[in-house]
Every structure is written in C-alpha cells, then in structure tokens.
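Each of the next two complexes has chain A plus one other chain: chain B in the first, chain C in the second.
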Partner chain A sequence: MLDKLILYMGFPFVRYALIVGVLIALCSSLLGVTLVLKRYSFIGDGLSHVAFGALAIATVLQLTNKMIIVLPLTILFAILLLRKGQNAKIKGDAAIAMLSVGALAFGYLIMNLFPTSSNISGDVCSTLFGSTSILTLTKADVWACGILAVIVILIFILFYNRIFAVTFDENFANAVGTKVNLYNLLIATVIAVIIVLAMNLVGSLLISALVIFPALSAMSILKSFRSVTIFSAVSSMICALVGIIISILAGTPVGSTIVAVDCILFGVCYLIGRIKG
Partner chain B sequence: MYKKVNILLGLLMALVFVGCGSTEAASVQETEVAEEQVAEEPEVEVEDSESLENELLLEDENVDADPGVDLDLTALSSTMVYSEVFNMMMAPEEYEGKTIKMDGVCNVYQDSETGKTYYACIVQDATQCCSQGLEFVLDESQYEASDYPENGDEIVISGDFSTYTEGDYQYITILNSVLE
Partner chain C sequence: MALLTARSLCVGYEGQAVLSEINFEINAGDYFCIIGENGSGKSTMMKTMLGLQSPISGSIEFGDGLIQNEIGYLPQQSVVQRDFPASVFEIVLSGCQNSLKKKFFYTKEHKALAMENIKRMGIEDLKDRCYRELSGGQQQRVLLARALCATKRVLLLDEPVAGLDPIVTEEMYQLIKQLNDEGLTIIMISHDMVAVKDYATRILNVNDMEGVSC
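What follows is the complex of A and B.
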C-alpha cells in the first residue's frame, strides 16, 4: 500500500489535491466554530446550493471562468443572510432553508431547460458530491485557492478578538463600540469564499460537514474558544488528508470519504467527551 | 473523571493480559494441530499456497506499473484513472508521444455524416455517474477491421498518445494500439 501511495504521489494532480484540500479544510474549520456557535451550522449547505444555482447560470451562459458569476452571487447571498445577524426579520434557519432549496431547484431546472452537455445528471452529481473535482485542479486553480485560503487565515488571525466578540454577544459587542455590521459583513464574505472553494473538495451537498464536524468534535472534548478553534483546525486538516489518501487508494469518491472520516472522528471525540464527563 | 479513565484503562490492560495468556496457552496446541494437518493434507495446502501466491501477484500487479509503458492506468484506482484521463483531456500537450496503457469498456460510435467509425475506451469515476474515455486506433500492421472489439467489451489497450484536428476541433487518440 505504501508503494502504491508513493506511486500516486508522483502525479502532480494528487499533490495539488492534497495541498488545496488541506487548506480548504483549515479555512472551513476556522469559520465553522463561529458558525456553529451563532447557530448558523447549515449556512454552508444553503450557500453551497446558492453557488450551485450560480454555477448553473454560468454553465448555461457557457462562461469559461464560472467564478465570475459564482463568487459574487454567493457573497451577495451570504451578506444577505449574515449581515443582519440576530436582528433579521427572517431568522437564520428559515432564511437558509428558503435560499437553499430555492437555489437548488432553480439551478437544476435551468440546467435541464438549457442543457450544455449530454450528461446533465452526471455533471450535477459530480458538482453535488465532489467525486473527483479536487483531483482535476490545474496549477492556476491551486494558486488561486492557495491565495484565497491564506487571505482567509490572515483575516481570522488579525480579527480573532472581534470575531470572538461578534460570535458570542453581538449586542454587547455593539455596545462597546465594535462595528458589528462590518464584521458580520466580513464573516459573510469569507464564508462565501470558503464555500465556493470547498465545492471543489466535497461537493455542494457535503460542505456542511467540513464546517460542522470539526467544530463539534472539538467542542465535545474542549471548552475554551481558542482550544476549540485550534483543535478544530488541526483535526479538519488531518481528516481531509486522510480522506483524500483513502479515496485515491481505495477508489472511493473523495468528498464522501472525507466526510466519513470527519464522522468517525466526531464519534471518537464524542465518546471521549462522555467519558470525561 | 479520572476515576472513569482509570477504570477504562484498567479494563483495557486486563483485556490485553487475558489475550496474551490465552494465545500463549493455545499456540502450542495450534502448532500441534497445524503439524497434523500438514501431514494429513499436503495437497490442499499446496493449492492454498498457490492461490495465496496468485492473490499476492494480483496485488503486486496493482502496485507495480507496466515498465514497458510511460503511463500505466491499469495500476491505478478508479478515482485516479478518471482524474488522470480528465487531466489528459485538459492538457494533452503534456502527454503527447507517451505510451499509455488503460483498461475500460469499449464504446463504438459511428458518425452519421461521414460514416467513419470511432472506438473509445471508457472509464467511470468512483460514483459511476460520470464517464469519459479516450479514442483508440489499433495498430494496422497487426490488426484488421474485424479485430476491433464490440461495443460494451471490457478491454485493455496500450498505445501512443496523440492528438489530431478534425474540422475546428482537436481530438485525442491512442495510436498504434495493441489489445491485451
């Protein structure tokens, strides 16, 4: 098996997949802690479906670079969902559900009404489940993902204290002079970018797992925000790495393999948490 | 909390000791039984060892790529094969002139306008919902038109990766292919 892995590591697209996969897992886990604590766990799902809808529009328009439409639309809807925060008229879960199913339905409808390939179901399935997307990245894709990931990480590190304040108590943060709306806008934008990147790794339907599971695994055994964030980031990277390696060795879909590894880790952490009491 | 962890550790250690003890006690008996089996049924054991060797060979074949080709897709998992074929289509210039070996399902397509028949070796991704393939042309010095496989046949081919232009489009093909 080790010989096989060494053989596979000789392929550039495998190295690209490992680099990008680990970076995406890191970014999604960092923001995942904030989202879970703000009760926005399913925003990854909602935004990924919006991104799917945007991808459908870009596909129908036969754009070479689909990010021109996908990224701005996803950011726009992320801002609409998160900017108002706790004071929104339509609260988090209802707004996410509304956008999620609406975008998914419209996206699939558009792709069927204006087909651009002979295998619509295959294209949709591949986008939804991310079976091999992460293994088909070009060098330019890797650079783009890498730069975006570094920006996300830097934003999180630089604005850690303010993100912490906005996460736990918006009203208090507002009262002490923190620009809550601005930081909600920043969080929304960063989340949208991560969602669009993560679609390449695990597909639209499984993005929530990258966001939720590392955070919940960490919260099962650790208590402080800092330790939860660090554990979430490290465990997410390891799970992504292990998931990609298992999938290329065993010939399984990449996205679901990564999520399965995340689930197993959550199970282990949950048991440890129960034993600890 | 520490009490529960200590109890759990104690149970695990107990299991380990029990496991070691029973193995040591049984190992002598197992050896004696094994020796009797060797004496009584030599033929069965030879067949078993042959089948085990065959399994090992198959595993080795999966790990060791064919040294006679530049890129042996038969040594890769389905996920890797699909990804590599995708990359071949996206950047064919990087594979130009290389010998490729691949296995898949034969797909036959006839152009209704030109009447020309095209043969391709199709591979699927892990979810089996997406498929793609590479066109191949058999080595004319070894094969005739009747030697081409039928639609749906499982095939293993090796040949030279090449590109050509028809009309306004560039196509990929494996020239001088050999069926294995």
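What follows is the complex of A and C.
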C-alpha cells in the first residue's frame, strides 16, 4: 500500500491535490467556530448553493475562469444575507432557505436549458459533490487557491481579537466602539471566499461540513477560544489529508471521503467530551 | 462638571418615541439607578446612552473628558454566550478592545490590566476555566471584570442581578457598592425597586417620568 502511495506521489496532480486540499481545509475551519456560535451555520449552506447557481451561469457562458463570476456573486449574497439577519423583515433562516433552494433550482434549470456538454447530470453531480475534479487541477489553479488561502489566513490572524470580540458579544463590542458591522462584513466576505475555494474540493453540497465539523469537534472537548481554533484548524487539515489519501488508494470520491473522515472525528470527539463530562 | 447630561432627551425606535423629556445629570461618583417596568423604555434609553442608537431629539452630552466608548458596559447575557468555548481570561481581555485602537494584538499592559481586574473581582482561581461551565454569579463577575477593562470611570449595568439567586444577588450588589466606593460612577438599570433604594444615591423612575428624585 505504501508503494502505491509513493507511486501516486510521483504524479504532480496528486501533489497539487494534496496541497490545495489541506490549504482549503485549513481556511474553512478557521471561521467555523464563529459561524457555529453566531448561529450562522446555515449561511455557509445557503452560500454554497448560491455559488452553485453562479457556477451554472459561468458554465453556460463558457468562461474559462469561472471565479470571475462565482466569487463576486457569492460575496454579494453573503453581505446581503448578513444584512437581512440584522433588520429581519423576512427572518434570517427563511431568507437563507429561500435563497439556497432558489439558486439551486435556477442553477440546474440554466444548465439544462443551455447545455454545454452532453453529460449534464455528470456536470451537475460533480459541481454538487466535487467528484474527482480536484485531481485535474492545473498549476495555475493551485497558485490561485494558495494565494486566496494565504489571504484568508492572514486576515484571520490579524483580526483574531476583533473576531473573538464580535463573536462573543456584539452588544458590548458595539458599546465600546468596535465597528461591529464592518467586522461582520469582513466575516461574510471571508466566508464567501472560503466557500468558493472549498467548492473545488468537496463540491457545493458538502462545503458546510468542512466549515462546521472541525469547529464542533473542537468545541466538544476544548474550553478556550484559542485552543478550539487551533484544534479545529489542525484536525481539519489532518482529516483532509487522510481523506484525500484514502480516496486515492481506495478510489472513492474525494469530497465525500473527506467529509466522512470529519464526521468520524466529530463522533470520537463528542464521545470523549461526554466521558470527560 | 457632570460626566453625563441628558437635555430634553427623547428616545425611541424608528421615529416612535418611547420616552420623552428626559432630563438628568450624572456626576462623578454617583450611584445612579434607572428603574422602570419591563417595556418602559429603560433599555432603549440605555442603548441611546451607549451610542448604539441615536436620540430622536434632545441630546446626551459627555463632560469632564469622558468619551462615549469609555463606558464599561455590562450587558444582559445572550443565548450565544451560553455555549461559548472561551476561557475567563480571554473574555476579560476582550474588554480591552477599545484601547487596541489601530493595533491588531493585545500588549503586555492589556494582559496585566485584565489580570488586575480578574483579581479585583476575586475570580483568580477561575482564570483558565471555561466560561460556559461557571455559575450565573461567576459569569456576571467575569463580565464585570471585562467591563472594568473598558473603563476607568463609568460602569453601565443592565439588570446585573437578573436570574441570580438571592444570596448571589446580595453579593453582586455588595460588589457593585464596593466599586462605587472605590470611585467608579455606577449607572444601573433595574426593576428591583427595593434593593435599588438601599444602594442608589439617585434614582430615575421612568414609570412616572417626572424627573429625578433623590
């Protein structure tokens, strides 16, 4: 088995997949804690569907670089969703549900109306579940992913204290003059970037898992924000690595394998948390 | 000069006045209580004082070099906080966020200040404990220590004893009294008429908005 692994490591596209996979896993886990605690878990889900719809548009337009459409649209909706949450005429969760099924339906509709290849269901399936697209990454994709990932990580580290403050207590932060709206906007934008990034890895239906599971695993056994953040980042990277290696060796779909590993880790952490009390 | 002056202040939401013609002065060292029943507009007034919403008319003026962002605020607990994985120290340290200014990270001085206020609240032994595992009274002390990191002069407490049992409530009042004796100006929102009478030096009753009684 080790021989097989070493053999595969000889191929550049496998190495690319590993690097990108681990970077994306790291990014997506960082804001997980904030999302879970702010009750925004579903925003990730809603946005991933928006990203799917945007991707459908980009596919129909036959753009070579789909990011040009997908990224701005997802960011726009992330900001809109957060705004809605604040002065809710339509309640936040209903707005997200509306948006996500709407985007999903329109995305599928557009792809069917203007088919660009003969295998529509294959296209749709790989956008939703990621399939093997990660193994077909080019060097340019890896660089793009790498740069975005580094930006996300830098933003998170620099604004770590503010993100903590805004997550723990918006009212207090507001009262002492922290620009809460600005940081919420920043958080929304970063989430959108992460979702677009992670879509390459696990497909749009499974992204939320990548964002939420590491955070939940960490939260069930650890007690400080810093340790929770570090643990979820590290465990997310390890799960992605293990998932990708298993998928290469066993020939399973990349995205769902990674998410399955994340699920197992969550189960273990939850049990440990329960036993420790 | 008064720290905080309200002049024919009118507060409310979206142009709808909840309370109007409010006039009061809060001086350094006061123990100022705002009492009223639920829905009487106390919270709206408090948000206006903190600058979270703007007054409909009239004004709140800050004097004696006090800046709005330098009020130490003890909010009521939110749902989010109940399962928040954060250590006591992390939370108290976040009280220093208004003195971060343009910096990204807390300095040694900030950490020392957080530690000092943890000691002041007598929760040293809880420093590394997880916030969600503490009792209601302990949690209030943590949030009070955080508020103290944000201010040197004025504390604004929003129903500080809500949900606490009678013994802990009494402890909390003693603690607040002690801070007042140490020279901090206290502004407290409450609907507990009886207790307030024992401690407050001045009371504003928003149920009968006639003005300040002493």
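By our rule, the second predicted complex is superposed on the first by the 267 of 277 C-alpha atoms of A that agree within 3 Å, B and C clash if a C-alpha of one lies under 4 Å from a C-alpha of the other, contacts with A are read in each partner's own complex, and residues count from 1 in each chain.
Here is the rule we go by: a residue touches a chain if its C-beta (ideal position, glycine included) is under 8 Å from a C-beta of that chain, and two chains touch if they have at least 3 such contacts.
Computed from a predicted structure; not experimentally measured.
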{"item": "Touching partner for A:Asn112 - first (chain B), second (chain C), both, neither", "value": "neither"}
{"item": "First, second, both or neither for A:Thr252, with chain B first and chain C second", "value": "first"}
{"item": "Partner chain(s) touched by A:Phe129 [first = chain B, second = chain C, both, neither]", "value": "first"}
{"item": "Partner chain in contact with A:Leu222 - chain B first, chain C second, else both or neither", "value": "second"}
{"item": "Touched partner set for A:Tyr8, first chain B, second chain C, both or neither", "value": "first"}
{"item": "Partner chain in contact with A:Leu37 - chain B first, chain C second, else both or neither", "value": "second"}
{"item": "Partner chain(s) touched by A:Gly177 [first = chain B, second = chain C, both, neither]", "value": "second"}
{"item": "Partner chain in contact with A:Asp169 - chain B first, chain C second, else both or neither", "value": "second"}
{"item": "Common interface residues of chain A - those touching chain B in one complex and chain C in the other", "value": "none"}
{"item": "Complex contacts: residues of chain A adjacent to chain C", "value": "33, 37-39, 158-162, 164-165, 167-169, 171-178, 218-219, 222-226, 228"}
{"item": "Parts of chain B lying in touch with chain A, wherever the complex brings them together", "value": "1, 4-5, 8, 62-65, 75-80, 82-84, 86-87, 90-91, 125-127, 129-131"}
{"item": "Chain A - residues contacting chain B, complex", "value": "3-4, 7-8, 11, 13-14, 119, 121-123, 125-126, 129, 131-132, 135-136, 138, 247-254, 275-277"}
{"item": "For the chain C and chain A complex, residues of the former touching the latter", "value": "50-52, 68-71, 73, 75, 78, 80-81, 83-87, 90-91, 94-95, 97-98, 100, 104-106, 128-130, 133, 146-147, 150, 156"}
